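Some structures to go through are shown next.
Next come two complexes built around subunit A: one with subunit B, the other with subunit C.
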Partner chain A sequence: MTYEKRVSWQLRLILLPSVLLLFAFVIYPAIYSVYLSLTNEALTGAAALNPRFVGARNYIRLFNDPKFWNSLLVTFLFVIGSAVIGQFVLGLFSAILLRRPLRLKPLFNSMILLPNAVPEVVAGFMWISMLAGGERATLSRIVAFFGVEPTDWLQTFPLTMIIIVNTWRGIATAMILLTAGLSAVSHEVYEAARMDGATPRQIFTRITLPLIAPTILLYMLVSTVSTIAIFGFVYALTRGGPGGATELISIYIYNQSFTAFQLGYGSAVAVVALVFSLAIGVIYVRVLKVEV
Partner chain B sequence: MKRALLAGLWAAGLSMAVTAAHAETIRIANHGQAGIDAMKATVADIEKKYGVTVEVVEYPAPDKDYVTKLLTELGAGNGPDIFSVPSASYVADMVAAGYLAPITAELKAWDGYDQLYDVAKQLAVSPDGETYVLPSMLGINQIYFRRDVMDKAGISTEQPKTWVDLIERAKEIKTKTGQYGLLFPAGVAWGGGAFEEGFQHLLVGSKNPQIAAADGKLSLSGEGVKDVFGVYKELIDNDLMPVQPLLGPEPWVIPKYEMFPAGKLVATTCGSWCYIFDWGRESKNPIPNVEKVVGTWTIPGQTSGQYVLAGLAAPWAVNSKAANVELAKKALLEIGSVKTEVSYAALIGNIPARKDAAADPDFQKLAELVPIHAAAENGVYLKQAAGFSAVSEGVARATEALLRKETDAAGAQKILVDYVKEVLGDDAVE
Partner chain C sequence: MAVIELRNVRKFYGSLEVIKGVDLRVEDGEFAVFVGPSGCGKSTLLRMIAGLEGIDSGEFLLDGKRMNEIAPDKRGIAMVFQSYALYPHMSVAENIGFSLDLKKVPKPEIRRQVEAVAEILQLTEYLDRRPAALSGGQRQRVAIGRAIIKKPAVILFDEPLSNLDAALRVQMRAELQRLHRDIGATAVYVTHDQVEAMTMADRIVVLNGGKVAQEASPITLYHKPDNTFVATFIGSPRMNLIPVQLSRPGNGLVRLTSQAGWSIDLPEPSPALPAGPARLGIRPEHLKLAEGSDRDFEAEIAVVERLGVETYLTVGSLSDPFMARVEGDVAIRPGDRVGFAVDRRACHLFGADGVSAHRA
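Take a look at the complex of A and B:
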């Protein structure tokens, strides 16, 4: 066996555990979900004992289900509001701000990173207490100081609230990625621009943004796909309510599979969500023009 | 030396044999600290009587989360040996799924069987004629009202005779006190409560008092079902029941634990547990002199009649795939002792299904529960059928649409029927 072949086999051997794990915990479950989605498998009732093949019935039902479309719309608004706008804008702002020499820079860094250190369910309950109705809740006390009527924020503005809370939680990730992108931009480019008389606004829009565009797109890809999959945090906050106003696709899948006990139908929704995520991933990759 | 070695080996062997003999473990799933506390003495009794180790596994407390975990484990074949089923509406479907071991013969041979109320025995029988659950406790459901608030406002506390009467009383409460007049649990977040603690109260007194038809189908398309949704519609449209809290993640918390004790909700459906757990001695927000200031009405029928609705309160069952099914069945029957039932009554407020519990000195101390226990004999109930968990979810969805003012009574009925057909197939609905 030649040296190259031996190395090639060694590399395959090293990769084998990862491939096996990936197959066992990602690929096989995904394939099994597709199979389940074509059956009436359930957690209880006769279908749990003897599930049968139902063809595309779950998919036909899904496309006629207004609650499914509602969950897609809610997910779309949630991703746009919290990941694409909220986390990105505030993450970029923080990254730019913290590149400058500041006196309490480590403190600001820690403050931005802190939300990620809190377990999501704990963070969820913390926000519930802050956004609860009644005069003693934190936000109600703050707005009452300005003469605004206290309200139960998670009931009155549920989607807006989960967008704000998820933005709070995700700024750190955005900031870290964008800081890495910003540090790859050479200082000489900025110096040259300044010498040519460019204004700070021109420097930002014509130099900074174009040069960190690949990082931004990479962040968008990671952030969009991970935000579509968010479950625990929002479930702890609202359980998808009130009246489906915060029922993200992930919560809808859970509700169909584990509270209505219809694994077949829940799997059909999961397969459709997977297709959406893959489509978004492919679009981003095409735009990024990277080899995968 | 050799003798000492042999003696040592013999001792070690004996020790292993003894350990093996005592190694049998029964896993019991329980949820909620009150339930675990109520079972403590029973667990010790089972261990002593059968020489086994009982492992009590605490499951998530909210019923919905508990059922999800339980069904997932049962489906995977690694569920606990003995468990309670939070809502009786799940039983028929769990039987259909093959999760429960039949206990008909053991139950009938049990010395406590003759002491069970007939209604408890009937409630425990599944559509196939077998019994799969131990009917140890009953939930006796009625309408609970704030007598003190109504007296102060000069509103009659007489038993309403019909649905119209009941709604008129709720309107009078709203007009004279400005508070919500009547609550029927509703919506998806309340889980099985929308069906068990709300919908079926009215259904038993409607034109369609049963939904389990003789041919095994579900009778959901009748006028009675639509009329029941009509009551919800009227309560919601006239702002007689609080709507916004019911759309939240824990819909029972604000109306039951905050508004009712504060007199901001004046009447609500509830079970006997409300006197103990929700507003009584085990409550975090108790109503002083609860047995005096909170009165009860039976559920009036649509045009006549009065109904005390009885249901099995978290009946216990044996996993059909338990490690030792026969042993688990013996252990199960210990849960039906008077001591355990009274312990549950004291800590949770459910009613013992045994008649002889009435003579127990500890039960007699629960003065607010004694008359309810006596009334259990006259309890009415919905006959169970496979597909009830789908009906329960369908009712939750239909009432949620009413809460959100997206539909009327006929539309709510359509949501229920469509949902059940989607889940169980078109043939399932009559």
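Take a look at the complex of A and C:
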């Protein structure tokens, strides 16, 4: 066996565990979901005992289901609000600030990184104590100090609240990726721009942003796709309520599959969500030329 | 008109003083080169002139006007960076014209000026390319174009040739000199390469440990170094510094006796040195092969480096060697004992403190 062939086999062997895990826990379930979505599989009743092939019926039902469209709209607003705007803007701001010499820099770094280390459901319960319970909620007590009427935040501003919580959780990821992007820009390029007479605002818009654009788009791809899949802390906070106001596509899939026990229909929604995620990924990679 | 004056300029990083009171004057249109080993403060001093580093004490005057508090782009100074620092997302034309674009100069006027600069720098056919699609030499020219389009009174160069290969460096050296003659701006050029310094400078400023060790024309520095640092920094191969004992035999001359036992007599130095330890400075080319009564000493050859046009002979033990540079290809082999004559007119004498006391 030649050296190249031996190396090639060694590489395949190294990749094998990852491929097996991916197949067992991602590819096979995805294929099985496609199969389930074409049946009336359920967790209770006659369909649970004897599921039938129903063709595209679940998909036809889905496109006529206002709750499905609502979950798509909620997911869209959640992704735009938390990942594309909140996490990105604050992450970029933090990345730029924390690259400068700053007092208490390690403290600020820790404050930004810690939310990412908290488990999703723990974060959910933590924020329940912050937001739920009307005038007993921590946030209500804080704003009462400034003379603002206490309210039940998760009832009054449910979508805004989960956007804020997800922004809080995700700034670190944005900051780390964007810091890497900023580090790749030579310090001398900024100095050359200063010598050329660029103001700090012009340096940001005409040098920094164009140069880290590939990193920004990569971040957008990663954060969009991962935010579409968020489930745990939102479910812990609101269960998708009130009245579907925070029912993300992931929660809708769960509710249809394990609360309404309609596995077939839930799978159809999951397949559509997967197709959306793939389409977004393809748009980023092909149209916006993101280097992954 | 652009006369640069530095008056007792100092720079601290925390408690560490990196520029220790530099006084300097660069005349209008002069090509001054800051040279020195890594960490001597030459780039810091250049960046202080550019305005990219603050001046902690002392004054920087440009044509008599204090510049300490003036922003970099308001000083009338342009800079060419070591890494070129081109904007990678802009074309060559956009790179060169960026400063004019920031000043809101009309687009057709920018184009006209960019094309004129590109013509001078032979960049016309590359104007629409991105920097990544250019060679090192072309990138360097773009960086120079970006500097000269501002019509600066002063151009600063921070080791601009250090990323180029040897052949291109020689070519760019000549181009930079031609460009300097054409545009007539005062130039300050930083390098650690003494060949660049010697070939390009009207005046060399040798820096060591944040201070000016000596400033003079290249040839003056070569022939009349003020101290052992300059003596060994300028010239390649470096000047030999041979420890000697100085005594006065009473013939009006001073006698220098080496540790190997040979001695030579030189005229009394000025200022006079006390009897005792001193150092004799001899450039390798001033040690001649000699036989019989012409020779001053004989020594064993440790290493022979034959370059064809000349031969470098490393003389004495490898732990404490000195070098001779003889013309042509000589048939000497390591281990041979060879006689040398010292060219007394080219000898330098340094006191125990390293300060020059006698100049040939």
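In the analysis below, the second predicted complex is superposed on the first by the 286 of 292 C-alpha atoms of A that agree within 3 Å, B and C clash if a C-alpha of one lies under 4 Å from a C-alpha of the other, contacts with A are read in each partner's own complex, and residues count from 1 in each chain.
Here is the rule we use: contacts are C-beta pairs under 8 Å (C-beta built on N, C-alpha and C of every residue); 3 or more make two chains touch, one makes a residue touch a chain.
Please read all numbers here as calculations on a predicted model, not as lab measurements.
Assess the superposed three-chain arrangement around subunit A: do subunit B and subunit C clash, or do they fit?
Superposition check on subunit A shows subunit B and subunit C fit without a clash.
With the two complexes superposed on chain A, say which partner A:243 touches: subunit B (first), subunit C (second), both, or neither.
So A:243 only meets subunit B here.
According to the stated criteria, A:261 is in contact with first (subunit B), second (subunit C), both, or neither; which is it?
first
Classify the contacts of A:61 with the two partner chains as first (subunit B alone), second (subunit C alone), both, or neither.
first
Which partner, once the models are overlaid, touches more of subunit A's residues, subunit C or subunit B?
B
Given the touch rule stated above, what does A:44 touch, subunit B (first), subunit C (second), both, or neither?
A:44 contacts subunit B only, not subunit C.
So, does A:232 touch the first partner subunit B, the second partner subunit C, both, or neither?
neither
Name the contact category of A:150: first (subunit B only), second (subunit C only), both, or neither.
After superposition on chain A, A:150 lies in contact with neither partner.
If you stack the two complexes on chain A, which partner ends up touching A:207: first (subunit B), second (subunit C), both, or neither?
Only subunit C is touched by A:207; subunit B is not.
For the superposed arrangement, tell me the lowest C-alpha distance between subunit B and subunit C in Å.
51
Can you list the subunit A residues touching subunit C in their complex?
It is residues 186, 188-189, 191-198, 202, 207, 210-211 of subunit A that touch subunit C.
Any idea which subunit A residues touch subunit B in the complex?
Interface residues on the subunit A side: 42-46, 48-49, 61, 152, 154-155, 237-239, 241-244, 255, 258-262.
Touching residues of subunit C toward subunit A in the complex: what are they?
50, 52, 72-73, 77-79, 81-83, 85-89, 98-99, 102-103, 146, 150
In the complex of these two chains, what residues of subunit B are touching subunit A?
Residues in contact with subunit A: 64, 68, 71-72, 75, 90, 93-94, 96-99, 187-189, 191, 244-245, 247-249, 386-387, 389-390, 393, 400, 403-404, 422-424.
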